[in-house]
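Think of it as A, B, C and D in the order they're written, each chain with its own count starting at 1.
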Amino acid sequence: MKEISSAIQIIPLDYYIVLSGTLFSIGLMGVLFRRNIIAILMCIELMFNSVNLLLTAFSAYHSDPAGQVFVFFIMIVAAAEVAVGLSIVVMMKRNVESVDINLLNRLKW
Amino acid sequence: MVGAITFINLAWLVPVFPLLGFLIIGFSGKGLMHNMAGIIGSSTILLSFLYTATLFFVMKSSGQDSATITLFNWIAIGSMNIPFAFLIDHLSLTMMLVITGVGTLIHIYSIGYMHHDERVNTFFAQMNLFTFSMLLLVMGANYLVLFIGWEGVGLCSYLLIGFWFKNPAYNYAARKAFIINRIGDLGFILGIILLFFTFKTVTFSEVFAQAASFPTGTTVITLITILLLVGAVGKSAQIPLFTWLPDAMAGPTPVSALIHAATMVTAGIYMIARSSILYNLAPITLNIIIGIGLATALMAAIIGLKQNDIKKVLAYSTVSQLGYMFLALGLGAYSTAVFHVTTHAFFKALLFLGAGSVIHAMGGEQDIMKMGGLKSKMPITYWTFLAATLAISGIPPFSGFFSKDLILNKAFEHNIILYILALGGALITCFYMFRLLYLVFFGEQRLTNAHPHESPQAMTIPLIVLAVLSVFGGFLNVPSLFGGNSNFGSFLQSATTSLSMEEMSHSTETILILVSLALLGLVIYFAYSTFVTRSSVPKADSEPMSFFGKVVYNKFYIDEIYDALFEKPLGFLSDFFFNKVENAVLDPAVDGIGTLTARFGTLVRKLQQGNMSFYLFAMVAGILLFIIFILII
Amino acid sequence: MILLIILLIPFVASLLLLLVKHAETVKKLALVSSVLNLLLTFYLLFSGSSTGVATQSYVFAGSQFSLGYDGVSLVMILLTNLLFPFIILAGFNREQKQPQILYALILFAQSALIGVFLAQNAFLFYIFWELSLIPVYFILLLWGGENRRAITLKFFIYTLAGSLFLLFGIIFLYQLTPGLHTTDFAVINQLVIPESTQIWLFWILFIAFAIKMPVFPFHTWQPSTYTMASTQGVMILAGVMTKMGIYGALRFLFPIIPLGVLFWQNTVIILSLIVVIYASVIAFRQANLKKLIAFSSMAHISLMAAAMFVLNYYSIQGVLFQVISHGVTIVALFYLVHIIEEKTGTLELSQMGGIKLIAPRLAILMLIVVLGSIALPLTAGFVGEFLMITGLFQQSVWFAAIGGITMILGAVYMLYAYQRVMLGETRADYKPITDLGLLDYCILIPLILILLGLGVYPQPIFNLVETAVVAMQNFLLPIANVATSFAN
Amino acid sequence: MNAIIFTTILGIVLLYLGLAHNKKILAPAAILGLLITLVLSIKDWNIGSDYFHDMVIFDNFSIAFNVSMIIITILIFLFGIDYYKRMEHHVAEQYSLMIFALIGAFLMTSFSNLIMLFLGIEILSIPLYILAGGKKSSYRSNEASFKYFMLGSFATAFFLFGIALVYGASATFYLPEIKVYISQFNGNLPPMLLIGLLFILIGVAFKVAAAPFHFWSPDVYEGSPTLVTAFMATVVKTAGFAAFFRLLGMGLLPLPVPLEKALWVMTGLSLLIGNIGAMKQGNFKRLLAYSSIAHSGFLMLAMLSQHGSSVSVLLYYTFVYSLATIPLFIIFILVKRASNGEEQIADFRGLYQQKPWLAVFITILLVSLAGIPPTAGFMAKYQVFVLSISHGYLGISIFAILMAIVGVYYYFYVVREVFTESDHLETIVVTKLNAALIIACGLAVIVFGIFTWNLPI
């Protein structure tokens, strides 16, 4: 365990932050600009995972396991969410025969 | 002696009688038997008259100059204490006698005159109410009680002018009278308030007692007197508020006689005479009064020359005579003014009643162009009318001579130009009165389908009584020139303080009288030659007239001017306020706030596009803005 | 205890009414309750300590539920309880939908109004203030006339907007109180608030009252609301609710923020006087009788507002007297309008005329009320208006002169209306018109008697409010010149 | 803690009960279970307990909010008896999902650690995503569910990112430690920490639908099955504000100035958009959605004005708000059934004609929402204003008052429709239970309005 965290610490923290920030942004952009729901779901997963990476890095730098514990929580919750999300997508596909997010716009004004 | 005091203290019964009459007639409605209303109405006033007459002698014998009877505290708050009280002194006694005396006669006359009217009960009820208010006016011991009567008579005048309410023109005249009176009343009430703040009381005796300490010409007194004067101008139909009186002739003729000739219109004169002490302290106001009085006297007389309606002629003559009274007031001759009020009450009431008798006989016709030759058909009316005409023209020894001569003398003492103008007015008066007389009673009957007949006794007896008073009324106040001792004037001495002026010599006085008599004779002759010898008849309305004639005929266009100056702008303003301000600015402004918010609401609502991409963008944008926000701050 | 009873009788009665089935019974019960309340009010007035200030606190739900009165409250209570029997009576012999609910609402409104006038606590005052609005809203909404949906909503929002500012003001005062915060008037009245604060706080508090009265330019809800409202609704509105504004101003503004009042005094007077003229002039050309009277009422109330703000003894006495007089007059007037509308089927002046020929008694009674409204001496209207003009005069001659113009303009439009309705030839297209019935006399005669009685002998009302008006002097002590004007 | 465990078991048991194909026992069972939970929760009053190394602390605060939410849920279930009568399948899941969501809500009231906050939010949200799509064949329900899910998880991503950043700076998830960490900067926070905290706050603000993160709420409220909307508007809001309060109180006070200002902006925007947006709304559920945004604004006003003393205000406000909102939704369902189902406010027309008592009670409820005495809604607003004015926030208070006036407009717009006559309206069927509940809520709103007068005075 000690070795892993010291191995992680070889790379400066800033790199992790930049990396996960970049990942987060990529996910964000994907959410914003993709119209396929599946792709968007994946982008949200990407954002979650960038957070996971960041947490892990901090956890290692702070020598505090709590961060990594939290990562597990996030993974579980994300799995549950994706399960729900995909079922919603399936349901939607049945109703509108499409996975384009902008097709769903009857609720407005 | 105790009896006398009790009797005086019960003087509040005087106005109560007519009030009771009003209530009885008013509440019994149609239940009253025929003529009962008239009998009740007349007898209550007669009771008042008898009480007043007795009171007069009781006061005289007990040597009391004045008595105050307080009934209860009307308004008593803080330092304001206004009792509901009556003041009986010589001035109010005089007025009470005139009101109840002439009032009784006119009531009796009305029994005959209104005989055929279906609303005779209402008529008598309102007449009684009027008498009540008028008595309140002259008996009030302070300005506010006076004001009750003041407004009360205005109300009755309104009701009685519009007595035949089916006619919109009459209603309009009634409304006009009330509103113009109200304009005066506003000045009056403001005057009372200023008076209150100056003296901390509105009770006559207290005000006058304090006023003694004010020097002549004090601004506040001048202001008070001017404000009070505004009220008097309205009530007594002086320039510029006189236009309502001629229109007020829309009412039944006894109303014109009682209210618009004998009593109500003289309220202004009474009030100023009552406040003589204040007016004496305000020479500026007195000069204004002189100006107003003289101008009114002349203007109304000139208009009277060209009127064809018998009552309109008398109405302008009333305005003109009121102008003379104002002139007298302005000259500081208060008792003279009151004297003229008294004689005027006699002969003007007589004139109106006579005119009423004529109208009655002519079946409602009022146009003198269509009359004529009534002398033989209605002898009593003719003779009494003649007596009154001589009286108003100032022919000795008729009553008008004594009172008017006094005024002219005072004018002469003051300023010769005043005298000439006043005399001119008197001559014009004489001319149009004789024109009226000749056109109505002399010559041929011009309306063929009427069958004039003498009026019933109920109408003629008051005529005769009034004629007697008109003839001999002047002897109440025989000047020293004729060996009298000016009883009337000295009687009022205790209640009004006339400005002292040096007495003119008897020789001057004699000359003045002779001059005026000669001129009067000429005028009567001229009138005779025009209307009897040449039997010229006034032109019908449609025929062309000279410019001056047209102006006079149209009463100097005063009504039109007022219409353009006040009524039209008021109507315009009303429309403007309602359509352009209320409905176009204020209301939309408030609604506009609502509408604007609602518009904004629609905008917010439309922002909710329903599009997922947009929501995601909005959220990111929001987050970014907040990041920038917190980093900047 | 009696205060609580007076407050609760209408409330309990209103609940009971909902259980009653028969329409006539409902009305009778409502009348009985209001008359009972009136009798209790008289008992309160004559039970000795009527002129003094009294406070009775009840602990209710763990809080101070303090009721009390001084002369000003008593006048208002008297007015309310005096008018409500007539307002209820106005519905007798008439077909009304859902009388249970209507009369329950009316009585509920009465209860709330009494609460407003009795509350000795600003918070309680506010509760009742709002509470009175809701029943009136429904009376207007459900029993109103043409276009009522939009108009009532406007009315409601308008008045509520004012109230919410009042709430702000009350909370602001609440948190200024020392120690354990409270909204008791007794404590709030003692607050010393810096002048700069008073100056802005004035408008926060005043707007609610200004809208209620209403004072220019917050009046725009009034004409349409009055015109649309049912007779009983408009009687409550014009007769009592407008007085809430006056009461509120007397309760809140003068004792609590005298400096603010002084600062804005002339502004308010001038605004009010503008309306006096403005409303009178507008009334002059109104084609609708009800609207005409609405504008006339606006003019009268504005004169009261102006007089109130000159802050001197006579004017405040005059205003309090006029409260009764105006309430009685306006209720009688609206009742007359109601009869006329019933008989002619219209409110348009151009469609009327000559009713006097067929209904002379109606004409006479209307004339008396009209005269009361234009302040003829020996009617109550005169005494009030005279004192108010006297008060205005003390401030400025011009104020008095402009205020006094109501005397003229009032005569102009009221007599015009009277003429258009009553005089002239009778119009042929009326259905057979009968003169007044017994019920009409029962309503009009007492009102007219009050009008005339107070005109001849106004002293009881003066005595009633004397102590309270003098007490106001203490609140105005910081304003030196006003204090001296009180002294005389 | 017992409550959470018991509730979890309850939810699972209910799922299994669903297999029995007996709808009638579901609601009573659920209600009974919740009543037991209620008792269990109340038992812990004044006995604070903490679990998982202080990650969850059950103190009086959380118990009070939990009790409030349990009562509200029971109320919703009671209404559900009638509501789910027409539904053939998966009724058990509806109940148990709500109960699961309730567990999330419990966690949101009792966390002391960011991990628990995250878990609470997610446990609350995920069942709701499903519930929102409860009408499987309904397009609208689909859309609502989808939008809620999408925006919800997107917001969660930011929330998590914020937690990560804070963790990176402070090396802890434990709120009291974060508080200590923040305090050492004397209000001059490094940007990373600041942004992290902002993201956390935004995550919570999203849940309570504070503007400008409110976009999901009108659509989701409209599309979801009405009873679920009622649940969202009440329990979720209560939980959200409890979490908000706890987050601020345990971790962030005194708020760094930029954050405080940001929150004030959110408050103002919520008041503005919530009230103004509702003005011209024709759809009743959307109207209530905007109204809920507006109420969030008022609640934030109270919370930001004076955090410490706002707790009772928050509890009171959310509870009486829920008490008024739920029956409104129910009445709306009843009325909608009798009309063409367009969900417009105009559907209320003719209600007074047909069911006067119902009209009276809907009026009471709306009056309460509008904040007019003598209802509880007034007292709630009054207390909010007492807080904000006493602490000198006069400008925003005036603004809030102006917005409250707008609020009166749209609530009374509904009242007006209720009292407008209409001739085409089928019979409105009200079951006895529903009637009793509506009356009880109406009376409760008034009783609460009267009997809390001792709170401020």
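Descriptive notes on the structure:
Please note the rule applied: a contact is a pair of C-beta atoms (placed from the backbone, for glycine too) under 8 Å apart; a residue touches a chain by one contact, two chains touch by 3 or more.
What you see is a predicted model; the values in this text were computed from it and never measured.
Between C-D and B-C, more contacting C-beta pairs join the chains of B-C.
In terms of the distance between Cα centroids, chain B is separated most widely from A.
Taking the mean of each chain's C-alpha atoms, the chain closest to the overall C-alpha centroid is C.
Centre-to-centre spacing of chain C and chain D amounts to 43 Å, using the average Cα coordinate of each chain.
Mean C-alpha position of chain B lies 37 Å from that of chain C. Each chain gets a centre from the mean of its Cα atoms; for chain A and chain B, those two points are 99 Å apart. Measuring from the averaged C-alpha position of chain A to that of chain D gives a distance of 27 Å. Within chain C, residues 157 each touch two or more of the remaining chains. Among the residues of chain A, those touching two or more other chains are numbered 31, 101, 104-109. Within chain B, contacts with two or more other chains are made by residues 594, 605, 608, 610, 612, 616. All chain pairs in contact, by the document's touch criterion: A-B, A-D, B-C, B-D, C-D.
Residues 594, 597-598, 600-602, 604-605, 608, 610, 612, 615-616, 618-619, 622-623, 626-627, 629-631, 633 of chain B touch chain D in their complex.
For chain B in complex with chain A, the residues that touch the partner chain are 605-606, 608-613, 616-617, 620.
Listed in rising order, the residues of chain B touching chain C in the complex are 72-80, 84, 144, 147-148, 150-152, 155, 158, 162, 165-168, 171-172, 175, 178-179, 182-183, 185-186, 189-190, 193-194, 196-197, 200, 570-571, 573-575, 577-578, 581-582, 586-587, 589-591, 594.
Those residues of chain D whose C-beta lies close enough to touch chain C in the complex are 352, 356, 367, 372-374, 378, 382, 385-386, 389-390, 394, 397-398, 401, 404-405, 408-409, 412-413, 416, 419-420, 450-454, 456-457.
Of all the residues in chain C, the ones that touch chain D in their complex are 60-64, 98, 101, 121, 123, 126-127, 130-131, 133-134, 138, 141-142, 149, 152-153, 156-157, 160-161, 164-165, 167-168, 171-172, 174-175, 181-183.
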